[in-house]
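What follows is chain A paired twice: with chain B in the first complex and chain C in the second.
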Partner chain A sequence: MINLLLFPIILPFLFAILLLFFKENIKVQRSLTCIGLLISLVAALFLVAKVKADGVQALTLGSWPAPFGISMVSDMLSALLVTTTILITLFVVLYSFTAIGEERERYFYYPAILFMITGINGAFTTGDIFNMFVFFEVLLIASYLLIVLGGEKRQLRESIKYILVNVISSALFVITVAYLYSVVGTLNMADISVKIAEIGQPGIITVIAILFLIVFGVKGSLFPLYFWLPGSYAAPPVPVLALFGALLTKVGIYAIIRTYTLFFVHDIGFTHGLLSALALLTIIAGCIGALAYFDLKQIIIYNIVIAVGVILFGAAQMNESGVSGAVFYLIHDMLIKGALFLLIGIIIYVTGTSNLRKMGGLMKTHAPLGWMYLIAAFGLAGIPPLSGFIGKLLIVKGAFEAGHVFGSIVILASSLVVLLSVIRIFIYAFWGDPTTVELPKTNRRTYRKMMMPAVALVILSVLFGVGTEWLVPYMTDATDVLLQPSIYIDAVLKE
Partner chain B sequence: MEFVMAIVIGILFMAAVYLILSRSLLKIILGTGLLSHGVHLLVLTMGGLSGASPPVLAEGVTDYADPLPQALILTAIVISFGVTAFILVLAYRTYAEHQTDDMNLMKGNDEHD
Partner chain C sequence: MKTNDVILQTTTKIVFFIIFLFSIHIFFAGHYTPGGGFVGGLLTTGAIVLLLLAFDLKTVQQALPFNFTIVTGIGLLLSLGTAAGSIFFNVPFFTHAFDDFTLPLFGTTSLHTAMIFDAGVYLVVVGAAVTMIQTIGGDA
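And then the complex of A and B:
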């Protein structure tokens, strides 16, 4: 089964095409989406087991020898990210049954999600830089549909901005690939790494490294390129927001981590120093935003920005603790952001508003929601038994080892701000006198149906925190490939 | 030849940036069109403009143009075509809904204003 690593890409694609034929039949849409995602999840889990047992899986499409055909490469990092992506999508789809509304479901909502998953999984798995551009476009075009679906005034306005920013950054991506091609004359990522090592990273390659940082920084919302994110993400309905917040920026982060550990490793002082500095500024900008708003969505959206900074700061250290911390934190952040967005979606459903000042006293009426939110909030801040702890601990440890004392302090201080921002939601929404706030009439059964996937994601994130010891061997495998590009290169260019 | 192309592409990028920074939505979309033209020409130029004959196998020809950039450009063209079609329709819908094509007027926060 050498094709195993293609299954998480092809299966959602296949089911998305099938769904196009059942536009009006919502029951078929829902069940086919769930079946497709479940089968993909099983395939992804098999892939993780296979990578764990046999090392990096590489496949060159059409049996062309490696640098000439398109290579697909699945190392532990991409296998884990693919699995997490499918898992989160499954829960968001279950949540969508009650939250998204039939009108949207009838207009290709589920096919768009599956096409987006195809693009995301493809971008995580590809071993060819131009192919990565194509998969980026696949996920972006699907996300354009998801962000505008419904056609409310605000959605239209914000999606114009979102699409323009992404069109420009895609153009920059192609420009960068063209420059890289003119220097090294190849598109295969393993081969590019070999060629850059041969010419010893002259100045032009460093320029290309910065261009890649700009391109992926726009996708991954790095300071000062995150300006589009808060407005655009607040426009679509909550399930779409959860998908975007949990998955889309992480593709940009993955691309930065991949290129900065595989290609540009010969002038670390400049490129990775710049990345660390930008990551710290990203954290600070995110912290300011997270404290500035009294809007549920905006607070969690700015927490995405903070997490981007934390992950990239860890990855920029280029030592074992820093990088493995970044991998831990990346997967934790996908799970916890998914869970948090689903939970605040329920809060917005229950109270009918996303303005913190207009709610209060939910603990008396919706106690399970309150406790689940509190667990997710503590997990996000990184309180020890929960999932955010180990990643941040390793990142701080890596920063101290690399001599970045100031950076470590910023990260630790940012945890306090994160905790303050999410606990403020808890205090405003759940404490206080319930009689002062009038809740709109809501369906208790809908509420319970929305709770189930959210609770499942929270439990998963708790398990991720408690089961850290069990996950360590997988994370070590992921870190080894990132820190020793030769493993990756040997797997792709085996002959 | 590459030098001339570089200058021309630079002018295209300049015009694209100028148009994208303007207030009218349609001008911005024209700007993205120019930007994608510049990008595609850049890929062609960066692949090298040396080859003498088109990349089709023929008897007795040894000096072909590099086929790879041409395939990349073809891919990028259809992608930017799809996105441009989408964004044009989106601009139309936005105009119908907001009654303006001035980007400066399309701001604000619906929930708290």
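And then the complex of A and C:
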């Protein structure tokens, strides 16, 4: 099965098309979406096993020789990201059954999710820079639908901002690819890497590197370019927010990591130094936002920004600990952000508000929710047995090895701020006297149905932390390909 | 006052078929000359838009009783199916095949699976463009 690496892209696409035929039938929509995601998940797991056994999988579409056709490349990093993406989407879809409402389900909600997964998985798997642009557009156009679906006033306002920012950054993406093409004359990522190594990164390539940083920085919300994110992400309903928060910015991060480890590795002092500086500023900006708000959604949204900074700071060190820490933290952050958004969605459902000052005493009435939230919060902050620990430990270790003492201290200090911001939610929402706050009447069965996928995601993130030892070989494989581009290049340009 | 657009409607009835045939020609010519699924699809949409201008939305929907969302879906299925067919022969995705066939009336013709893919593109373009125009133009 040489086409195995395409299955996680094709299968969601196929099921999204099938769903177009059953617009009004919600039962069919729900079951087909679940079946499609389950099959995709199985395919993705097979892919991970295959990459583990046989090394990097590469395939050039249409039986054309490598630099001339579109190459699809699945190394361990992209295989793991694809698997995590499908897993999170599955739980968010299960959560949507109770949380999203029939009105939205009847207007292409599930097809939009599946099209978005097609785009995300494609962007993770592609080995062609222009094809990456196309997959970015696939996921962005589906996300435009998801952010505006429902047509509330706030959604309409924020979707205009979101679309405007992304259209501009996509145009910049095309311009940057055009510059790169005019310099190296190829679009295949492995071939670009070879050509840049041949000409030894002159000034123009460094300029293109910075342009890529701007393009992907807008998608992945890097420091001066994250301005659109807090407003836009707060507008759509919680399941959509969970998908966006867990998946979309990570595509930008992946693109930065991929281009900065494969293409622009000959002038590390400038490009990676700039990336480190911007990453630290991102962490600081995120920390300020996370402490400034009394709104559940905003606090967790600013925690996305912090995580983006942490991951990119690790990746910018370009040493083994830093990069493997970034890979660990990237996957941890996808799982934990998915879990946290689902949990705060339940808190908002139970209390009927996202304002921290208007809630309290939930521990007496909703104890399991409280404990699950506490575990997720500790996992986010990186308390040792839980999932956030090992990634951050490795990143800090990598930063010390590279001599970035100040950066390491910023990361460690940011963990405290992260812990403070999420524990504040816990204290305000769960402690206190339940009689002071009037809870709206909510359906206990709906609450339980919403809890199940959220709890499953929290358990997964705990397993990710406890099973670190078991995951290390996979992470090592991912790191090796990032640090030694020759493995990637040899896999694509065989012969 | 009731406007009388008999000239417009009569001309449309003739011109519609000319544009439609031209779009089919452009679609089939795509492999050797400029053209293909995208332009062909847009030209067909143009013909349908001319009908919408000359008559009203309801008449056109009665004359062309398709759900254009479904048309888009069928187009996507055709394209994906053509590309995915290669999976069953264990060659890379999107590998096309072609052969010469002797057809009645046309004689020896070279048929290529890329044409089925293009037919998918054609249907997606027609479906999406007509859906947009109908949604903006209609009440619903």
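One rule holds in what follows: the second predicted complex is superposed on the first by the 495 of 495 C-alpha atoms of A that agree within 3 Å, B and C clash if a C-alpha of one lies under 4 Å from a C-alpha of the other, contacts with A are read in each partner's own complex, and residues count from 1 in each chain.
Note that a residue touches a chain if its C-beta (ideal position, glycine included) is under 8 Å from a C-beta of that chain, and two chains touch if they have at least 3 such contacts.
Owing to the predicted nature of the structure, the values given are computational and were not obtained by experimental measurement.
Bringing the complexes onto one copy of chain A puts chain B beside chain C with no clash.
Once chain A of one complex is fitted onto chain A of the other, the partner contacts of A:171 are limited to chain B, with no touch recorded for chain C. Of the two partner chains placed around the shared chain by superposition, neither chain B nor chain C is touched by A:204. Note on chain A: of its two partners chain C and chain B, the one contacting more of its residues is B.
Shared-chain residue A:154: touches chain B; no touch with chain C. In the superposition on chain A, A:3 makes contact with chain C only, not with chain B.
Taking Cα centres throughout, chain A sits at the apex of an angle toward chain B and chain C that amounts to 40 degrees, reported as a multiple of 10.
When the two complexes are laid on top of each other via chain A, the two nearest Cα atoms from chain B and chain C are 8 angstrom apart. With the contact threshold set out at the top, not one residue of chain A is in contact with chain B in one structure and with chain C in the other.
Those residues of chain C lying in contact with chain A across their complex are 69-70, 72-73, 76-77, 80, 84, 86-87, 90-96. Across the complex, chain C is touched by residues 1-3, 6, 10, 13-14, 17-18, 20-21, 23, 59-63, 72 of chain A. Only residues 130, 133-134, 137, 141, 144, 148, 151, 153-154, 156-157, 159-160, 163-164, 167-168, 170-171, 174-175, 177-179, 181-182, 187, 295, 353-355 of chain A touch chain B when the two sit together in their complex. For chain B in complex with chain A, the touching residues are 20, 25, 28, 32, 35-36, 38-40, 42-43, 45-48, 68-69, 72, 75-76, 79-80, 82-83, 86-87, 90-91, 93-94, 97-98, 103, 106-107, 110-112.
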